[in-house]
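Quick notes on the structure that follows.
The first chain written gets the first letter, and so on, giving A, B, C and D; residue counts start at 1 in each chain.
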């Protein structure tokens, strides 16, 4: 175990710092460019230097560096200090790109990876349907191959960013006669075409973070398929793994906990700062135990990943663990805001934090929403039990997978 | 709703008090009788007056009074004040007697009910077997009818009081060819015979509250069967209902909570009485919410019972609810005793309370044991979901019941 | 001893339930929920006709002269149906006037409140925080000035029972000079709140007796507990119903044991609260020694359980439970209201501990 | 950054695990558990031969000169196997002498401790309660008198590191005059405790530096956390194994989703503790600023989880889990020990809050 940055790393840090001094914010006539444009240019330069998209091959726009968790950390720290643009965090970068790199054809990688990671094009995900939440195998949206084009009809739900996205990667039933899982393909679709109807889906917080997408005779070329026909289920599972890791990031729980401590210092209980209340202190301390355990589990996971070793069962539990910490954080925040718990959730978009009471109310509600996105808690518990602990598979799940 | 005792009840209370003044403790030459003998005589007199065994017909030794929850309460209060013997609380009175009254033959009632309720004879219960805890239908102890006698071979477990009992009521597989549930009969067995081997089963607390009973060519007359051959499963379910109610009694949780408050007053945290610690106060208050809810649910249940109406789903949850309160009580007690949590469980027999740290440690361990006796928590949750909420039955349970 | 509702109480509950089922089914409820005022005038009139609005008004003043338990069983039903409108504050305003009003004051206000012609409300949340009567800061007098945070009744209230310094209560007409009210951006759109400002506003003081304020507070706690019980029972029903109809992996999700046990836990959070709120309500009129403390216990315990049940109901409904379109959100926000209004559970548990002499 | 055990540490863990699996399988463990002394001399000797008993003794004095993390990974393995004997107190006594002993003192005691020839122990629980060094009451000096409650090592200990007033530590030989020890009726029979009485007992004081006492306490917290992690991992394994073999209703109980989810929850209580105890151990030697606080966090959090896991393991085993014959009880009682020794979680959480400046 070694948590120190050695001198080599300090040299690297200097190098990154110097690059940033020279390149962000942009200088000269580029100085007044709008943020999006500036960020795109800056990212190109950072990629050239090997600072961003380090795991993506050069030919597709990445910087193709050997894995180095420590360098990654130094980059994030230095970029963070100066508010310099990091990698685009959209669902395209986080979920589609890894999938394409692993499963896509050559032309697909060349066409889609670079503009996705530069943020030039954006994606939305079309997995869930109203009738199939956790049970993707039962999805009903159909695709037929007609005259060298896929013709797609059906409905998707929980599609965040669908109203802005250029493309959708989605699961479609293309082999109606095959067994449930075996009949699904993974298709890419251009969202800017007739037949696509995006309707916002309003959440209990009042904001519309997701959409329903209706697909009516939507077309996409025959070769916009990732993997073979009927392999979509497998292809999508590569991606789900990435989603789990990204949502479960230990950093978020740490930041959220720090916010909670701040809230406890700012609010009062029975006339005294809440942070002085023994009950609150104890609850914070209990919660911090989980937060720390989460944080160091994240360290372990990163180290294992960087060594290309398997961290084991912890990989299956990080998301559920952070969901539960999120529940507890949200619950405690509601006790801290007291009377203001009467208010509505104000201005809390997903991922955005606010120290105001209404922001916490939003978080409180979102702590439920997050438990649901990307596989419910119960499914994750099944996975831990069956794949992690080796308990026998679920009878019902067996049935659906045709065993 | 009326929680007052009216004047009629106050008159009744006077009457009971006067009876007790005259009859307990015994007077004259009876004064020096040993407790057991004195209690037996006293109980007879109390039965004559209609104060004990009020729901049992006179012909079997009860006092056959119309149900009156209020009178029952007054009797318990007045007897309690003077430490006068109440109804014998053995498993015979609580489980066998109701079963016999509902399902027994005339001679069985006449032979067994009276001596059981006077405490002249004692019983143990032979349901569980090592291979079948919650799943009684899978039991293996066999009974064969040979020359007008049942010949019984097998093993029972969790048999409390087996080393003292005169008789056992037990479930035995008598119809080996029948479906699982249908092959079981409910037999009564004389424990004082060769072939019965009682071995104490030591608990994690160190004390032996239960036994294993080995049955080797044990005999019982043909007509010592309650209900018909193969009906034993049904017969035993009458009894299980009684067990649930008796274990779940709200009084116990109330008494236990009071003990906990006392403990919190007597122990110190960081140099101050624990009861002054805000964290402890909050935890006690939370727990008291459950205890009060339990208490008033008990009132409701008793009222419904006395009106012979069905209290509904609450009947299925009282035991689980009290188990969970017991867990919380035990857990809090462990935080109150602090360093003494290093000690062993001392002298805590089932149901016996002690205010010493070691007594609480015993309670802590027993709070686990109680969750298990008479149907595990998970089985109870199934019952609430399926019978209480009307959710579909369990696939596995269906299988075992032959559906 | 008879620990059960009377036949009259059971009938009362059924009648109110029938009214709400007929006149405010969920389709209608959603309209009111999304409306500007959160008020359904027709429903209010029907309640008035049924006599619900004057349940706790003495018969001499046009009401039914019933007790807190009667009020509470109605509140349970309101909670079950998430009935929109100013019922809670109305009932509490009446309670205060009945206990603290002079004969003239009673005559002036109670008949119009009992008939539902005028809507009563309470304003007892100090602007700087605090629901307890010793935290009220507006100086009492025939003319008052100051701010309060969470008054009930939205923009429908005609008169307010206002908490004043010294644990005093006064009645202020909504139309009186110097009253201004501002909408509060509340979560629960079935029970709208406003913030009030008084500027030399005429005020009629009620009796100088702290017991009146205490009673108002305790009955409020009981009614919130009753509402919470009813609401949580409804959420449980909705979740069970969903589990019986929704399919995943080719079977009804109610077949999954994990969900069954979650629903059992919800039931365990709901059902035992019934006796607790009954007793807390009963104690207000019959067990003086315990009334204040048991009201605190019931409010803390049952509203906490409601919130837990609401969270679990969202989870039991899967993703859809988190949407505005799913009815769960309406009750979820009522749970937030019941839990926070009159102070959150932690505060009541502190009082609970103090009153026990711990 | 490399947040993982080194190959040497992994090998150390495997070697110790192998030793315990061979020389103290559960059959043997039960004998020791039920024995009068709770001490297995052969096992102690084997540990000594392996060099485990002097892991934290500097090489100059016959030990391996390793760090707290090395000690902790061994403690994890001991916890996993519920290894009986005085290892914990022995390691802590060494830690104190290494940090606070003069050269002469080190020379006098460390080689014999490192070789296992003598058994070290700690006595730092004040008879009136309190593990923190500012709660120690026995007046320090070359001769000491007074009582202490929970000294480690049972009747095997040869010398005690004793906590004295003023956060001072001293070394007392078990054979010295005026020492009397009385068996404590402890729950955990794998680690026996005694109560000590000193009556003008000769005592060699260690350095007058409160950091020595702090270090002893913090390393103790870390080792208890590591033991708790290992023990809870074992209980999880036992419960999973039981679920895979036990049948009810005609199927292996591991098929029941409710039990699966309970076992998942246990796993969630266990696994994330690994990184936490690693970091807490690592911090003792490398992150001075955080070492005290993170030791408190790890001790409070992981021993609490251990106790939860132990309770759930009993439940997962059904009725049999509650018997003496079932192995679960051995770990259950170790969980009680780990949680209570050096102060229960509430105390450490109070320190955790204070040190954070909350």
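Just so we're on the same page, a contact is a pair of C-beta atoms (placed from the backbone, for glycine too) under 8 Å apart; a residue touches a chain by one contact, two chains touch by 3 or more.
Please read these numbers as outputs of a predicted model, since none were measured by experiment.
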Note: of the two pairs B-D and A-D, more contacts are counted for A-D
Per mean C-alpha coordinates, the chain lying farthest from chain A is B
Cα centre of chain A to Cα centre of chain C, whole Å, reads 41
Between chain A and chain B, the Cα-mean centres are separated in Å by 54
Check: chain B positions touching at least 2 other chains come out as 279, 282, 378, 381, 395
Check: chain C positions touching at least 2 other chains come out as 255-258, 260-261, 346, 350
Seen from chain B, its contact residues with chain D in the complex are 128, 131-135, 137-138, 157-158, 201-204, 206, 268-270, 279, 327, 334-335, 338-346, 358, 361, 365, 368-369, 371-373, 376-378, 381, 396-397, 399-400
The residues of chain A that touch chain D in their complex are 1-5, 69-70, 73, 261, 264-265, 275, 281-282, 284-286, 288-290, 292-300, 302-304, 307, 313-314, 317, 320-321, 324, 378, 381-382, 384-386, 388-392, 394-395
Note: in the complex, chain C contacts chain D through residues 256-258, 260-261
Seen from chain D, its contact residues with chain A in the complex are 1-6, 69, 236, 240, 243-244, 252, 254-255, 257, 260-261, 263-265, 267-268, 271-276, 278-279, 282, 286-287, 294, 297-298, 300-301, 304, 346, 349-350, 352-353, 356, 358
Contacts from chain C onto chain A in the complex sit at residues 125, 129, 131, 149-150, 184-188, 193, 247-251, 255-256, 258-259, 307, 311, 314-315, 318-326, 328-329, 332-333, 336-337, 339-341, 343-347, 350
